[in-house]
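Order of writing sets the chain letters: A, B, C, D, E and F. Residues in each chain are counted from 1.
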Amino acid sequence: MKKIEAIIRTSKFEAIYSCVAGLGVKFLTFYEVKGMGLEQARPQTYRGVAYEPAFIPRTKLEIVTVDALVQPVIDCILNEGATGEVGDGKIFVYDVLEAYRIRNKEQGEDAL
Amino acid sequence: MNQEIFTINNLWILVATILVFIMHLGFASLEAGLTRSKNTVNILFKNTLIPAIGLLTYAFIGFNLMYPGDAFAGMFIGLGGIGLSLPEGWNTSEYADFTFYTDFIFQAMFAATAATIVSGAVAERIKLGPFLTFSILYVGICYPIVGMWKWGGGFLDTLETPFYDFAGSTIVHSVGGWGALVGAYLLGPRIGKYTEKGMKAIPGHSIPMATIGVFLLWFGWFGFNGGSVLSADPGEVSLVFVTTAIAGAAGAFGALLASYLKFKTYDITMVLNGILAGLVGITAGADLMGPGEAAIIGFVGGILVVLGVVFFDKLKIDDPVGAIAVHLVGGIWGTLAVGLFGDLAGGAQVLSQLIGIGATAAFCFGTSWLIFFSLKRTIGIRVPAAEEIEGLDINEHGMHAYPDFAKQG
Amino acid sequence: MNQEIFTINNLWILVATILVFIMHLGFASLEAGLTRSKNTVNILFKNTLIPAIGLLTYAFIGFNLMYPGDAFAGMFIGLGGIGLSLPEGWNTSEYADFTFYTDFIFQAMFAATAATIVSGAVAERIKLGPFLTFSILYVGICYPIVGMWKWGGGFLDTLETPFYDFAGSTIVHSVGGWGALVGAYLLGPRIGKYTEKGMKAIPGHSIPMATIGVFLLWFGWFGFNGGSVLSADPGEVSLVFVTTAIAGAAGAFGALLASYLKFKTYDITMVLNGILAGLVGITAGADLMGPGEAAIIGFVGGILVVLGVVFFDKLKIDDPVGAIAVHLVGGIWGTLAVGLFGDLAGGAQVLSQLIGIGATAAFCFGTSWLIFFSLKRTIGIRVPAAEEIEGLDINEHGMHAYPDFAKQG
Amino acid sequence: MNQEIFTINNLWILVATILVFIMHLGFASLEAGLTRSKNTVNILFKNTLIPAIGLLTYAFIGFNLMYPGDAFAGMFIGLGGIGLSLPEGWNTSEYADFTFYTDFIFQAMFAATAATIVSGAVAERIKLGPFLTFSILYVGICYPIVGMWKWGGGFLDTLETPFYDFAGSTIVHSVGGWGALVGAYLLGPRIGKYTEKGMKAIPGHSIPMATIGVFLLWFGWFGFNGGSVLSADPGEVSLVFVTTAIAGAAGAFGALLASYLKFKTYDITMVLNGILAGLVGITAGADLMGPGEAAIIGFVGGILVVLGVVFFDKLKIDDPVGAIAVHLVGGIWGTLAVGLFGDLAGGAQVLSQLIGIGATAAFCFGTSWLIFFSLKRTIGIRVPAAEEIEGLDINEHGMHAYPDFAKQG
Amino acid sequence: MKKIEAIIRTSKFEAIYSCVAGLGVKFLTFYEVKGMGLEQARPQTYRGVAYEPAFIPRTKLEIVTVDALVQPVIDCILNEGATGEVGDGKIFVYDVLEAYRIRNKEQGEDAL
Amino acid sequence: MKKIEAIIRTSKFEAIYSCVAGLGVKFLTFYEVKGMGLEQARPQTYRGVAYEPAFIPRTKLEIVTVDALVQPVIDCILNEGATGEVGDGKIFVYDVLEAYRIRNKEQGEDAL
């Protein structure tokens, strides 16, 4: 079991979701985060003061999945999430020691 | 007329003017509430400038176009001059039941309404510059020309059976409605509204703002219709208050019923639109109807607005706030209703009403097409897709409406 | 009366009507502000329909129940007919200081207030259908019957020392307050309000909306009280303006003091409630008091509202917006104050005031119990717990009030 | 004057009173909108108490300080008594064109404006207690003394060429503006506003609230200026309506142009400030100008407000809402404009205007320095840094304005 | 040291918190996330258009704790967080290499 | 590659960011979380009812970086993030198996 964490463009969420759903990934979690990176946030002005808001809003996606699906999921994100411009984001992969389904206390890969 | 009555009449028209003024906040709130928070600064920016544009252009040329004077009676167009020049006896009953300045300011507050209606329908995708250009031309020139046809003594007023439009179901609301229709059509729908998988809902960002907007509009409408009596005549003004109140209330229930039957849901945005449709509907004949007829007109208006929203969605004309259904459909219905109910009902009147509706349709459709289409072909009227997705606020104004709040994904 | 004075009086009552109208937006904003964002569409939906219900039922039957005519003088109930029928000379001073339609529309705007008060107290857990049913019956039938007792020439008006209630501390506000008390009691508290570990705060979602609401209510109250002079008499109307303004201001300080002493905190929601309690308090005797007496009545009202909120919380009667403390406690206090201060003060008056308070209590408690209890036993009045936790907006309306914004945990 | 005209005049002043009342909601909304959500309860708390303070202190002493009676004509200060005592014939035209109570309540509504203006400039960092202390003293004592100089028959009114200030560009708005300047200066800027790395923007939390605020202010301004005619005279009131409307509209465009040229952005907050500056500008001479002159005054006011905001930022005087630029700069401009345009234009008038501006400057700067500085040296006027960072709402009120919503980082 | 991540029903937060607090867990972090899964989001309608919002709001809980407490914490979540209906959520366990307390630079298990 | 997760005082974000940027860390992600811990949330009152909101708002920082930079980054956070008072927060370190840059499909340490 691995956890795939991807920081993506919010506008790419739907495309990525369709792709991973097509692989049989039934569950995922996501939330809004802010990023600092190469991409510059769009400059804003307020009452004559130009300022750069310190961050760019992004979506973070978390999918825990069986080892066999890790590469296909990553490919989905790489293919569907890229525009080729700075700001496309990153993917990180982590090891997962254990998983449980709260509803019925199933454990391990069954719980995913 | 004695000085006392003159003073009272004048005072009432001025109070009505303030009430019409606050309708602009009503429109601003309603339109901001029914669109997304990423476009809120933009819609408020436009709706803040519109009354300013209306007041200034109307002073500059609109008032003279709309009331060119007796020499142009029965005609299509006329221009009495440029700017405001005080006539003899302007502040006495020689001029009218109120002063020249009262006349001007009450009319000027009406003027901007036409553009405000359009701004809702074209929201979330139109470029700022072209919209302001359209507004200036439409409010400054097109609206007063139509107004002149009836209120300025033009051809609609001199028909054998004169066209009747008490406070502007056609002359104000449909004029705005036609501009809204053309604008929304030429722009095309918002990205993501009509997809291959069908229509998608794009919920407005604040139901409270939309509700505040409609209450303020209803509040102001007592001045819009009540002031159109053009005097403080107790019988007439009180009748108009009753019909205006009843029609709005009945519009709420018409829309509630229709939307519940069609969608099996209690949709507050439809109820709000229904109130407005009831109000638009009664506007043409607010002084001709009794309470029962007002209830029917309002109720039917409320039903029509729901059908209208569905209808324009079927045509893939994307109107985020329902302005076309409210002001165009409601305006046509109200104008026709003058021929069907109340003191003037009758076949000849229906015909005259149809003539007025048709002439307005042709002229407003034509002129707004001309303006929007020229702008589209030259500087373009629609923001780039990336801007639309990210929001007009940050792209056109470099600013967020609610910078403190985290956004829903 | 000459035509000029008739026209002025009529105009003022119409302007007052519009001011009372906007109080409905005040109530809507206040109640939405003091409840959670998951129930905002629901509360706005109800408060948008209530004025519509009030206007239509009052036209249909309420006006005739409340003013059944001289034949019913001194009685408990009477019905002058159904619908609105224009009397002879309706638009002249033969009818009154204003026209028949002015009379109707001003009264009709008052009517819906009773239900609006209830809607706050039962918020966040009542089912939509039963609430609307209650509103129609309470506004359409119960409210006008009580109104008739005094304003329609009924038994409270023909007491030896007539019961006095200038603009409705009892006849409007307490009527609403009793319905609120019964509704909140029969529904039971919101989930999580009174737990084993004690009382928990359930903060309202928008202090700005609540503040806007109270300002609009105060604004409208100048029409509510000022219009109740039923003429534009300069001395009387200006006195009423002064007492209304002072009582509201003093109410703010009464509540500020009481809440600071009790809770050691500067609680804006209490100050807002205090303003309203001051206004409700002065309503019964706004034309009888001087500025000093108005200040006392308002100040005590402000204190009482804080004690009232605490008291009803102790009884585990859960009133999210403080409607019972404001309108019922404030209404009783204001009605009594007519016997204690001002032009009518005296023992006999106190007695008459108590009779009025008691009769209203018995009738309103009884009828609202009857309605709510029947509904509870038949179709049920409370939404399922899961719906309540998830929010009424998504369950009863399938919609969110602020779909763009992320929620706090 | 006959009873009819007396009644009409009185009615108009009362209606104007209500319009001025709602300006307090306008200020509350504008100031809340242009500050951060962590300080929203605090700003609303202050702006809710201010009208209450204004009404009560004005009844207690202010009215008597401002209108001490003929015995004090041509002087600097006078006190007619304490509290309100009804003069002979208070409710007849013996007293004035309106009743004593009408006079009082209209003036009282003006009074609180001075403190409201200050509250915006010192927002987000001032302690509650000291602010309220300042407000009571400034509204209760300083404002009416300045008012007396002109409107109470004091020395500015008895200059050879009397100082002219129709509705208070100097007497109301600059008075507030000076207090705002001193307060903002003595407090110092908000943490993080002027850093070593330069100036940082601190965006307000709700553009919709700010917009609602400005519309309500404009709405109320028709009463502020229109009521200052002190009668319902048709010619004068209608002229004032026109100049007020035009100046606000032109102010919007002045600010739009200036801010676009300077910052290359369409900044709605500047447009909103521009409208207000146009309105403040026309206030001194609203009855002296024609539409064209009103347009120039408003337009220049709109430009000045943008320059003013930049200027005070350069001086590191941190004014979150632009109150100093709007009310002080705009007020001075409007007062001067009376000498430059319209019926009174001329060198002698310019001089008198400068005397009025100067005297007000000296007195208001002095007294507000005295008050703020004494408070600073004793109990302190600024909240601790930790409180400021975390927000005044949670620290001074133990409450959040929007507890349901997640915050942006 | 392990990190326990649980995606739970927001309404179950308080019960779970009391349970783990009873175990002596003094610290935890949580935030709002959105989930896709078997549970369907409640359908919504807006102006006549029915639509399913793409996600369900959920709470994510993060607890870093010593190995000995991992199983008790998981049991708390499984017991207190379950309703038996689709939508109860998941638990994932990860390894933690190191921990620090910022206040006093304590390191390792002492920092938890 | 390691992932450094820090729960910090929101007010310390800028100082920490400058410090890690000085180390050459070009990317980071952060978001608002709520914490329970030794620090007590400020008590609030509403209409006479005193209550403690269950949590304190905090910022969570995530930085994935090469092993060599882990200690310097941690030192930045420890130094810049501390006030010495309860509530300063924690740092946790995790192992990262793999990283990708979505824009150009770069992999491994190049992707950071």
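Here is the rule we go by: a residue touches a chain if its C-beta (ideal position, glycine included) is under 8 Å from a C-beta of that chain, and two chains touch if they have at least 3 such contacts.
According to UniProt, the chain labels map to these proteins: A, E, F = Nitrogen regulatory protein P-II; B, C, D = Ammonium transporter.
Predicted model, so just to flag it, every value in this text is computed and none were measured.
Visitor: What's the overlap between the neighbours of chain B (Ammonium transporter) and those of chain D (Ammonium transporter)?
Guide: Where chain B (Ammonium transporter) and chain D (Ammonium transporter) share a partner, that partner set is A, C.
Visitor: If you walk touching chains, what's the least steps from chain E to chain F?
Guide: 1
Visitor: Which neighbours do chain A and chain D (Ammonium transporter) have in common?
Guide: Output, common partners of chain A and chain D (Ammonium transporter): B, F.
Visitor: Counting only Cα atoms for the centres, state how far chain C (Ammonium transporter) is from chain E in Å.
Guide: Distance between chain centres: 46 Å.
Visitor: Provide the C-alpha centroid distance between chain C (Ammonium transporter) and chain D (Ammonium transporter), rounded to the nearest whole angstrom.
Guide: Here chain C (Ammonium transporter) and chain D (Ammonium transporter) have centroids separated by 33 Å.
Visitor: Which residues belonging to chain B (Ammonium transporter) are in contact with no fewer than two other chains?
Guide: In chain B (Ammonium transporter), residues 4, 8, 11, 15, 203-204, 206, 212, 265, 267, 398-400, 402, 405-407, 409 touch at least two other chains, as defined above.
Visitor: Among all residues of chain E, which ones touch two or more of the remaining chains?
Guide: Residues 30-32, 34, 44-46, 55, 94-95 of chain E touch two or more partner chains.
Visitor: Let me know each pair of chains that touch one another.
Guide: Chain pairs that touch: A-B, A-D, A-E, A-F, B-C, B-D, B-E, C-D, C-E, C-F, D-F, E-F.
Visitor: Please output the residues of chain F touching chain A within their complex, sorted ascending.
Guide: Residue list for chain F touching chain A: 3, 14, 17, 26-31, 64, 94-105, 111-112.
Visitor: Sort out for me which residues of chain F touch chain D (Ammonium transporter) in the complex.
Guide: 10-11, 13, 30-32, 42-46, 57, 59
Visitor: Quick check: in the complex, which residue numbers of chain D (Ammonium transporter) touch chain A?
Guide: For this pair, the touching residues of chain D (Ammonium transporter) are 199-203, 259, 262-263, 265, 267, 269-270, 306, 309-310, 313, 322, 409.
Visitor: Which of the residues in chain A come into contact with chain F in the complex?
Guide: Residues of chain A touching chain F: 2, 6-8, 31-38, 54-55, 58, 60, 74, 77-78, 81-95.
Visitor: So in the complex, which bits of chain C (Ammonium transporter) are touching chain B (Ammonium transporter)?
Guide: Per the stated touch rule, the residues are 3-4, 6-8, 10-11, 14-15, 17-18, 21-22, 24-25, 28-29, 32, 40-41, 44-45, 48-49, 51-53, 55-56, 59, 83-84, 90-91, 98-102, 104-105, 108-109, 128, 206, 209, 212, 396-406.
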